[in-house]
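Order of writing sets the labels: A, B, C and D. Residues in every chain begin at 1.
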Amino acid sequence: MSEFEESGIGEECGVFGCVAAGEWPTQLEVAQVLTLGLVALQHRGQESAGIVTSNGVNPPTYNTLKGMGLVNNAFPPEDLLKMRSCNLGIGHTRYSTTGISELQNCQPFVVDTLHGKIAVAHNGELVNAAALRRKVMRHGVGLSTSSDSELITQLLALTPPMEEVDAPDWVARIKNLMHETPTSYSLLVMYTDVIYAVRDPYGNRPLSIGRLVPCLGRGKSGHPSSVCLLCLVLRYYREVMPGEIVQISKHGIKSLSIVPRPEGDLPAFCIFEYVYFARPDSIFEGQMVYTVRQQCGRQLAIEAPTEADVVSTVPESATPAALGYAQQSGLPYVEVLCKNRYVGRTFIQPNTRLRQLGVAKKFGALTDNFAGKRVVLVDDSIVRGNTISPIIKLLKEAGATEVHIRVASPPIRFPCYMGINIPTKEELIANRPEFKDIAGYIGATSVQYLSVEGLVSAVQGGIPSIQKGERISTKPSRRVGHCTACLTGKYPVELEW
Amino acid sequence: MSEFEESGIGEECGVFGCVAAGEWPTQLEVAQVLTLGLVALQHRGQESAGIVTSNGVNPPTYNTLKGMGLVNNAFPPEDLLKMRSCNLGIGHTRYSTTGISELQNCQPFVVDTLHGKIAVAHNGELVNAAALRRKVMRHGVGLSTSSDSELITQLLALTPPMEEVDAPDWVARIKNLMHETPTSYSLLVMYTDVIYAVRDPYGNRPLSIGRLVPCLGRGKSGHPSSVCLLCLVLRYYREVMPGEIVQISKHGIKSLSIVPRPEGDLPAFCIFEYVYFARPDSIFEGQMVYTVRQQCGRQLAIEAPTEADVVSTVPESATPAALGYAQQSGLPYVEVLCKNRYVGRTFIQPNTRLRQLGVAKKFGALTDNFAGKRVVLVDDSIVRGNTISPIIKLLKEAGATEVHIRVASPPIRFPCYMGINIPTKEELIANRPEFKDIAGYIGATSVQYLSVEGLVSAVQGGIPSIQKGERISTKPSRRVGHCTACLTGKYPVELEW
Amino acid sequence: MSEFEESGIGEECGVFGCVAAGEWPTQLEVAQVLTLGLVALQHRGQESAGIVTSNGVNPPTYNTLKGMGLVNNAFPPEDLLKMRSCNLGIGHTRYSTTGISELQNCQPFVVDTLHGKIAVAHNGELVNAAALRRKVMRHGVGLSTSSDSELITQLLALTPPMEEVDAPDWVARIKNLMHETPTSYSLLVMYTDVIYAVRDPYGNRPLSIGRLVPCLGRGKSGHPSSVCLLCLVLRYYREVMPGEIVQISKHGIKSLSIVPRPEGDLPAFCIFEYVYFARPDSIFEGQMVYTVRQQCGRQLAIEAPTEADVVSTVPESATPAALGYAQQSGLPYVEVLCKNRYVGRTFIQPNTRLRQLGVAKKFGALTDNFAGKRVVLVDDSIVRGNTISPIIKLLKEAGATEVHIRVASPPIRFPCYMGINIPTKEELIANRPEFKDIAGYIGATSVQYLSVEGLVSAVQGGIPSIQKGERISTKPSRRVGHCTACLTGKYPVELEW
Amino acid sequence: MSEFEESGIGEECGVFGCVAAGEWPTQLEVAQVLTLGLVALQHRGQESAGIVTSNGVNPPTYNTLKGMGLVNNAFPPEDLLKMRSCNLGIGHTRYSTTGISELQNCQPFVVDTLHGKIAVAHNGELVNAAALRRKVMRHGVGLSTSSDSELITQLLALTPPMEEVDAPDWVARIKNLMHETPTSYSLLVMYTDVIYAVRDPYGNRPLSIGRLVPCLGRGKSGHPSSVCLLCLVLRYYREVMPGEIVQISKHGIKSLSIVPRPEGDLPAFCIFEYVYFARPDSIFEGQMVYTVRQQCGRQLAIEAPTEADVVSTVPESATPAALGYAQQSGLPYVEVLCKNRYVGRTFIQPNTRLRQLGVAKKFGALTDNFAGKRVVLVDDSIVRGNTISPIIKLLKEAGATEVHIRVASPPIRFPCYMGINIPTKEELIANRPEFKDIAGYIGATSVQYLSVEGLVSAVQGGIPSIQKGERISTKPSRRVGHCTACLTGKYPVELEW
């Protein structure tokens, strides 16, 4: 059954790569696994998707598929079927942070160099991208897109200068790159038959490694020959460390190097990954995201207790926090809203009146569960305040006597320059005059947020001193730090403009 | 604000109509409301969608939009924008039960008669359709589709014979139709400026009436001129009674007639509406579907108690039953699975191995919540057994020590001839040899179903003796009955072939 | 090679049918032949296309394909491939004359009757359609489209009344229909394993029968085993006579009946088929359309001689008339315009200025051939005058000293009620004040039209007293007559409103 | 009316640029004019199309539109409408010669450099592309496509090295490029507010300059205020000389430099432009292409006279040669084939039998014009021999007693490395054994080709010693030479591999 054992890198942030570990060539499945991996990351970017595969021989044949929209629509099945005999590959889903949204800016980016083609998929945003662009162009290189990914490929090709005679030392080139730009990036670099998984020294964006394993079932009669494959599971292996370069090939997983941070700097893993971006089953720093969110709910119940009858959630992302709030407060947890999964985000409404009707139809009120009661409604964040208002109205209209909003994260107040799309400072509700009477503005009985300290303690309290998944000999810094820039305005590195 | 007060018929089964109650003509919004209504019914049919609107004057102008696929894709926004000055309309979403899946078979069906055009939208399946087709064709009528909806329009046009001089008595024609076919149908018939809402004498399919009401918000300063519309809510009014014909027009809602069942027959509302089809916020027979499902979970906990550590759900439809089971059993409720909402049903996989990988990627395991524990997993039904197997494997692989499946409905064993698409008898797991050791077959520690009696008592126990919503003077039979044909093989009427 | 011998009906006006004459079932090719036939008729209708095929057994399976736009786009290749084992079929291309342009109105129309399904494709327009619709609806039939084709199918189903016991006498039903409506129609009616080809008693629309024959080539060595198929040719057989019903089946072609015109009425074949609609290789009334057009050019040279240096054409439809003019006048024929075949009709231009630039780019000037010369430019008709103006300007700009427009048909002045789409009376240039100085209006040196008498003599002068293609024993009226209603206002039958 | 006076570059080979000469900004029309220009060049490339526009200010805003397929389908009208305020632009239609057919390879190519963005559109094929790619990559530049266009942009950016302080001397960079690669290219390079039009020193690909001029019409009354625009005409100005760099801006057209060929080398304009590629109304070297083709026909009549009754053409490209043949031979010219313009190239046929039926249906036989006669059928070339066979069969089947094929160009025997897509040597009929008895192979009575000498004399005989369009003071070499490599195997430069 070794043909199913494929070693793969599972990344929770829009990049995904995989290498078939069994006998090469495999048939078709690497492209399929990439596609499934991107679907699993779809929540991180819905504007475009791309995959590049290699057959792994020298010189390699690369195949590229890119498309706008969701992964399932972006790749025509007939094109996927054409991707035969690919043995490794990398993929990307994109929600534009830099660069306008066009097929051309879609990753992974492939360039041909003197030593063959490399493909790069990048999650994050280079804080010094403008300076690096000027540097590359001063060398006489023209840049055909505005994406960081092209910039990275050209930087890799440029330094040190290439000679036709020597072999390309891609690891040295990657280290050079890491010295040129501190953050933020989780990178996959594919060259012929290897993938380099790279995480910036601050570890701002997540990047993990896993292994696909088959689950076997037994046939009716139970005798061995009727064993059949039931499913494949991506078994979590470990995170790539801040600053680490890991090489993945058919021969296995190998840690090559760790590029250090400046003396005294703490790691700066994005705390909003815990709050919102990551899937609840992700594991960061040794702890499950769902559990951290539940802990945020508990902390919120301590910081902002409420006289009420029931606790509920705005489904689905706030559910762990709501359950945590209920457990801590001792109030019963009920469902008050049911969601119509067919109401898409893209539904076009010609005027505001109908757009709000749309919000209302997205949720139905489960009246019996709260009519005549005081409701604590836990949400994971309030960014603009547009969606919570109609929900509160809906609950009141359906019989709730009080609706107390409890937000399981602190208010966002500052822009992010490290890869997260955030509304302008003016659009953020915490920076607006209405915020002074936020409860009145959105129609709630009361509104309370989790404190920054509460969030940090919920996150850092659960990190084990030695990570569970740790199996490698390198000793990364156990010192804990997180980027809270969007909440506090304290950025982990000095920003260049 | 009277322009927002529109009286509408909310139907939970694929047909939806609405009449603007304010000043005519309204601009554009009737078509939009129809579309939103169909989106809310999308779970009942995803193959095609159609709407027909009328401007309501005499002679009327009808506009038709039909398309394949989901509502949001079926109607191009530019076409919706063209539907100006429509004041009433009916719509339909379709999951083919009779008639092949083609645009041509897509409802509503419109025909021109001597007295103008009528439009018909139909949910259900006429048990004697074959005989009625022969009858219509014997009159020399050619039928251009295989849909019951065309058959109904031709039957309405045919009897009694039309004369150019008289006015068409559509209500008499609808009554004739109801005497020709006992079940199953919930119908909307639009003629010029009225919609007739019709439910068959057995009440097999649901049909409800509601009223769209605006929710008003207050501006910052709170003074009256800053009042603004926050959302529109469909306020439930009442169900159409079995056998009832209700007329909806700009002048209001009027019950015209109730066609009785044969002496001694009970109503036969489809019990699977409670179990699976209806949205959890629907109200049937005076009770909320969510509450009935929760009650099914409680009943299941009584019938099938388990030694276990936690209770959980296969999200999302089984969640109320799982909460009910947890409450009754006293076991803690936790989430064990998170769902990737981007994994669509239509994702094409080239082989079985990858299809099962697909199932696995649809759900992520929330390991911390159940590792090392005995899990009761509540699901709403097991039809073929294909999806529960990989889920069980996933939980065991992630550390569950036992997985007990509890199904909140009895096994389906018989076909439905009244509008529900059910696999063939041979495909239903309850009719297969594997069913004898179902737990072994799907890999569970144990499997237990709710009994038919338990389901019926959970459904009928909650029906109030006088329905809450009742406001009309007619006295429909309070006698309670439900169609359990797919569970018991006992059909409410004799079937014709 | 008998499998290639298929008997087909070739119609030059938007309907096409074919029957495989060899061993049944044939594979796939009937649907392909229908598609090719419709492509050959594409110039008659570009709005939608449809085909219906039958496997020819009892009861038959019919398959339908319909789509908007050109034939090549209307039918997805994968759907064509699904049309296996079809042995006969009919098709239709549509340029809406009655009924709005929607997929629903797209022909052929299929209805299920007590005796099975019939399919109807219709070219023409029933002059008494409104009265017939009322008649059908008085029988209680609802009409779901505004197309004459549905009306015809319902009339065929209605009279005489159907009984389940008897066999359907479709020929009697078709005769009934022909007595109900005098003109205009060329019909194909398919029932199980036969196609009835029907032409109205006035013969207003063309309808011909042909036979597909293989052309065999010889291999390199010339010995018999290397014979290979080179192409298939549709060999013209004969026209369907005015009023005739011809039955086509695998057993051959059989004339069943000729329904006569009222005593004293002449046939009324549309003279504009010769002038513009028909393909130049069509054969009507024993003469080739190309030859008639050349004769119109000769007649025009006699009626409107010109002092000039060269004669040319507005490519491509006016070329035979221009060559005829050149031959008769003795002036040299040259090409003055080259056409860009990629300039489609549907190209969207945001303003008039660019639309006219579009006209200019549709044609290039072949300067060397006319610079410094006086040009006679022959066109086949001037309807609105919009396209000839920029062409004249183009020629003058490029050096023509004079541009004399000679139009090879008389001016259109009246509407057509028999199936031809003509601009409103007000839009026709011949009815507008500018017409008095048409040369000045369009910028020509002079303008002259062919006279009505000249056109009629060019058309009727070439009709042989006994038609070449005639092989059947029936003796249709040799008396010659043509419909010139759009030129003279004299309609062949009294018009009902 | 100065707003309509736009100076544009009209290129006959797939690239087109235009600069609005009136007041800037103009509204919308530059993008429209580019689109119309590409439609006029559509015959040169149907795989993809692209345009890039600039608003012409400093720093400029560039907008790019690219799409697969025909120009009219490639650019959604709503995207064209968004291209507001563009004052100049370049466009490209592509039929892949190097680089696979993907949107990514679609031109124009835009890169950002230290001194801003340049856009490049290229027609031709660099004979030393492989060596140039290595050179660029040795500088550390990664190449993201396989297109020559990207290579050219990177070469322009690379040499001489860019400094942030200096201004970019694009003309010097273009000259550097021209010294690095001798042929073949016709280039448009856009930078901010100018377009550089560049033709390689051998003049292998055509490139011309024109001016769009309005045609004015007079209103009915004839008085001045009713003057209206009738059309826009592209007035031919002159060709770009071999080796010339011409600058086009709102300030006019300016010849900047002529890069010479190596001593002793003749120009090498592609002779197949005259034979087949160019539109008949194009003007090269002072002569109209149509006239050259007519002359080829005359020469063919001298070289290959025939005993026959009529001369005809395979429409439409061979018509001037056929008319020339008729004039020289004294035989009457008639049309024998009519073409169905709706039979597209892309029509998918499932087997060879039906594909040949497709060829047959593409043409109809105009029987009256040749039945019983000996036909000379002039075609412009025979490449594979696949299409002429069924045509000959069609004519013979329809009554031609003899069919003599006369080909107005010599047989193609060698590959082209300068931008023309030619079948492999083995596919070319002139290199195959069947060629010995080509008449027998294709079923003709006889077959004769024009000689290479005859073609060269027909082409060179008409070139005026001083070109008509010449208005600039530079004195380009009057020495005449043409590339006949595909006919003779003599390439104008030594080929590198």
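Quick note on the criterion: a residue touches a chain if its C-beta (ideal position, glycine included) is under 8 Å from a C-beta of that chain, and two chains touch if they have at least 3 such contacts.
Here's who's who by UniProt: A, B, C, D = Amidophosphoribosyltransferase.
The model shown is predicted, which means the values in this text are computed figures rather than measured ones.
**Student:** Between chain A and chain D, how many steps is the shortest route if every step has to go to a touching chain?
**Tutor:** Each step joins two touching chains, and the minimum needed here is 1.
**Student:** Which other chains touch chain C while also touching chain D?
**Tutor:** Of all the chains present, none is in contact with both chain C and chain D.
**Student:** Roughly how many whole angstrom separate the Cα centroids of chain B and chain C?
**Tutor:** Result: the chain centres lie 49 Å from each other.
**Student:** For chain A and chain C, let me know how many angstrom lie between their CA-based centres, rounded off.
**Tutor:** Once rounded, the distance between the two centres reads 62 Å.
**Student:** With centres defined as the mean C-alpha position, give me the chain A-chain B separation in Å.
**Tutor:** A distance of 37 Å separates the two centres.
**Student:** List, in ascending order, every residue of chain C touching at least 2 other chains.
**Tutor:** There are none in chain C.
**Student:** Can you list the residues on chain A that touch chain B in the complex?
**Tutor:** Going through chain A, the ones touching chain B are 4, 28-29, 32-33, 36, 39-40, 42-43, 46, 70-72, 77, 81, 215, 217, 220, 229-235, 279-281, 288, 290-291, 315-316, 319-320, 323, 333-335, 338-344, 346-350, 353-354, 356-361, 364-369, 389-390, 393-394, 397-398, 434, 437, 440-441, 443.
**Student:** Any idea which chain D residues touch chain A in the complex?
**Tutor:** For chain D paired with chain A, touching residues are 64, 103-104, 109-114, 118, 133-134, 137-144, 146, 150, 153-154, 156-159, 161-164.
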